[in-house]
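Take a look at the structure below.
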Amino acid sequence: MNKRIIEAYEKRPRTWVYHLAIAVIFVGLMVWSGSAVETAGTTMDGGEIALNVLKGIFQPDLSFLFDFSTKGVPYLMLETICIAFLGTIVGAILSIPLAFISASNLTPKPIAFAGRIIIMAVRTIPAFVYGLMFIRVTGPGAFAGLLTMGVCSVGMISKMYIEAIEDLDTHVVESLDASGCDTWQKIRYGILPQLLPNFASTAIYRFDINLRDATILGMVGAGGFGAPLIFAMNAYRWNEAGAILAGLIILILIIEFISTKIRVKLTRG
Amino acid sequence: MIKFEDVGKRYPNGFEGLKHVNLTIEQGEFVAIIGLSGAGKSTLIRTINRMHDVTSGKLTVDDVDVMSLSGKQLRRFRRKIGMIFQSFNLITRTTVIKNVLTAFVPDMPWFRSTFGIYTKDEKMKALECLDKVGILRKAFVRADQLSGGQQQRVALARTLAQNPQIILADEPVAALDPVTAKQVMDDFKRINEEMKITILINIHHVDLALKYATRVVGIREGEIVYDGPASEVDKDVLASIYNGKVDDEGNVLDANDHNEER
Amino acid sequence: MSVYDKIFKPKVYTLPNGKSVEKKASRMPVYFIIVLLMCVLSVKVTGFDMKILSQRIGQFFVILGEMFPPNMDYLEKVWSPLFDTIKMSLLGSVIGALLSVPFAMLASTNVCPNKVIVSIVRVMFSLIRTLPTLVTALVATLVFGLGTLAGTFAIAVFSFAYIGKLTYEEIETVDMGAFEAMEAMGATKTRAFISAIIPQVLPFYLSNCLFNFEGNVRYAAVLGYVGAGGIGLILNEKISWREYSSVGTMLIALFVAVFIIESVSRMLRKKLV
């Protein structure tokens, strides 16, 4: 055979060692993590409960679902929307300074790194820890909920802000400079028009997520639909839980639809 | 009148961008500056409105020493010099007219510029400028929905709204296809003739330079090697400007056509 | 012309030379009013009060301050629940991600020709995604009993829907040229899928899996709260007993763990894509 072809064949990358190593690591990790799967066992038949849950979800308590007083599902959803809305605004505002000090194209490296560590620390603390801490500040209720939501949003929002800042197109600033604008005018007309739609889009996206994550708030007593949902489930009132879940699913689907529309409009015009 | 007297530009890393440049440009001229990538075309143009500093010699615009200006004076000085860029440099996320209106920003009182409030008069002026470059109909469309040629015209309208005496154009057609490039060059020509605005243009396309400009400045390694009417540029002149990298038909063989120095 | 433009007439600018141009009425005022109304409503409903906030926010930092210095003696008791949290998120992520693959294929129009199946699977994905993970976990604790199995299950369900959605979007945007070339060479659809589509999708799929795992580690800490195992359980306990220095220990351990996992995962993801 042609010598060059044989040589090329001999030089083929030996990937099997690499693949084997990955496979061994993967299997090892699986066995390791499998060791943790344990359960305290149930007092009731699990299958029966699962069936009840499904039944409840498909047969929601309609009088509860359409109860327009402050105890009904619609009001719970409204409260949740309000918490998520203000929470997102709080988070969006808190994130601005954090994002600016952490953007590597604006600040020196050590400061940017410190900023990123802070953001990560803020993000790591579980939501219910914030919730319990804020309840000490404002007392239980929706107020604590929106503060929790705000702080929990900071991690993701500031991360996306940073990306927007690092992607800034500085050519615009150059042309404003050439036409005689001062520093503030360059920021106002060169930077802000680029950042604001991005920031708004991020906030809307986060609002979407916050709505989904609002369950946890109710559990620690920080308002929203979480608390009644947990009570209903713990008391096996599945129809009631089903009504709340049905309301939630409808709400999330509507909000997702609207927010996607707005965000597409923001980026494409 | 723009006057270079023995102007030199040395970058902090020691590279000499311009060497002993002597050049006088009268009001209303249409000057094309040609040369290889990295020869100093951009540097030359950018020293005029002091986007770049000169390090030796004297550069005056209408008898004002450019290097003596700073801060507010410099910004006021830049008002009468428009600048066009290869990458259009528009705020793509806002409408065309808002891009044009930014030309008025430096002259507006602070509260109007902060909140972006424009007078009817300013809006009409902006629309007239858009009409001059033929894209009036796109005035309220977002800039990122326009084609490259249309975006460059918006940039041109923005510059016109500034009411400049001089327009500096740094590779304005390098990012455009040949047909659009011609249209934009036609706009330049018309503006030059109708409004008597001095136009200095950096350009890679020798054919366009010769066709539109009245005067050609050839630059090689920071030095001016040719300065004369476009009609007198021949193969030998091009060969000297482009270090002999010219083929038999006078086409320039410049491999990195689009990597202009910054 | 939309309804809005009929109500608010466009403004016409006429130039001195007679040409005119129309400006549609800006939607900005409407958006502004909507946002403003939402703010007012939200402040009312949630009882947001700047005065309380500025007076009492100090409390938050008092608690934060009590977490430091952390109680290092407690550290040895943190390891086992911390690893439980990591283990259940790892196993849950893997199970969910693997299960999602066949369904993601069914949800891609370029692989599955049947439009009905495509839309059914897609609706299923988005319905499951709207189900809060915490609710899944709670149901799971009732079905499987308290412990990490419930948490693993909840994470698997979430990962299934999340990875499934991202994967079918990835499959849909894939370059079909290679697939057609394989078919033209006489390969069956399955073979063509394996050798033309999978190599294109795999890096993104793996990258999404890693990203999902990162997020799940953080989320798994919350699941302990409903009794689904892991560090959340003792975290909740220590907060209610106001043993803040132990809480500080746990948070730092969690932070270090998340930091390591994110760094490794980011490194791997950079290599993949």
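First chain written, first letter: the chains are A, B and C, and each begins at residue 1.
Note that a residue touches a chain if its C-beta (ideal position, glycine included) is under 8 Å from a C-beta of that chain, and two chains touch if they have at least 3 such contacts.
Everything numeric here is computed off the predicted structure, so don't read it as measured data.
Two chain pairs, A-C and B-C, are weighed by contacting C-beta pairs, with A-C ahead.
Set against the Cα centre of chain C, the chain with the most distant centre is B. With centres taken as mean Cα positions, chain C sits 48 Å from chain B. Chain C has its Cα centroid 6 Å from the Cα centroid of chain A. Across the assembly, chain A contributes no residue in contact with two or more other chains. Contact residues of chain B toward chain C in the complex are 97, 123-124, 127-128, 131, 136-137, 139-140.
Residue ranges of chain B in contact with chain A, taken from their complex: 49, 51, 72, 74-79, 81-83, 85, 87-94, 98, 102-103, 105-106, 113-114, 116, 142, 144-145, 155, 158-159, 162, 168. Across the complex, chain A meets chain C through its residues 29-30, 32-42, 44, 46-47, 49-50, 53, 78-79, 81-83, 85-86, 89, 120-121, 123-129, 132-134, 136-138, 141-143, 145-147, 212-213, 215-216, 219-220, 223, 226, 229-230, 233, 245, 248-249, 252-253, 256. Those residues of chain A that touch chain B in the complex are listed here as 169, 171-172, 174-182, 184-185, 188-190, 193-194, 197, 269. Against chain B, the residues of chain C that register as touching in their complex are 13, 15-17, 19, 21-24.
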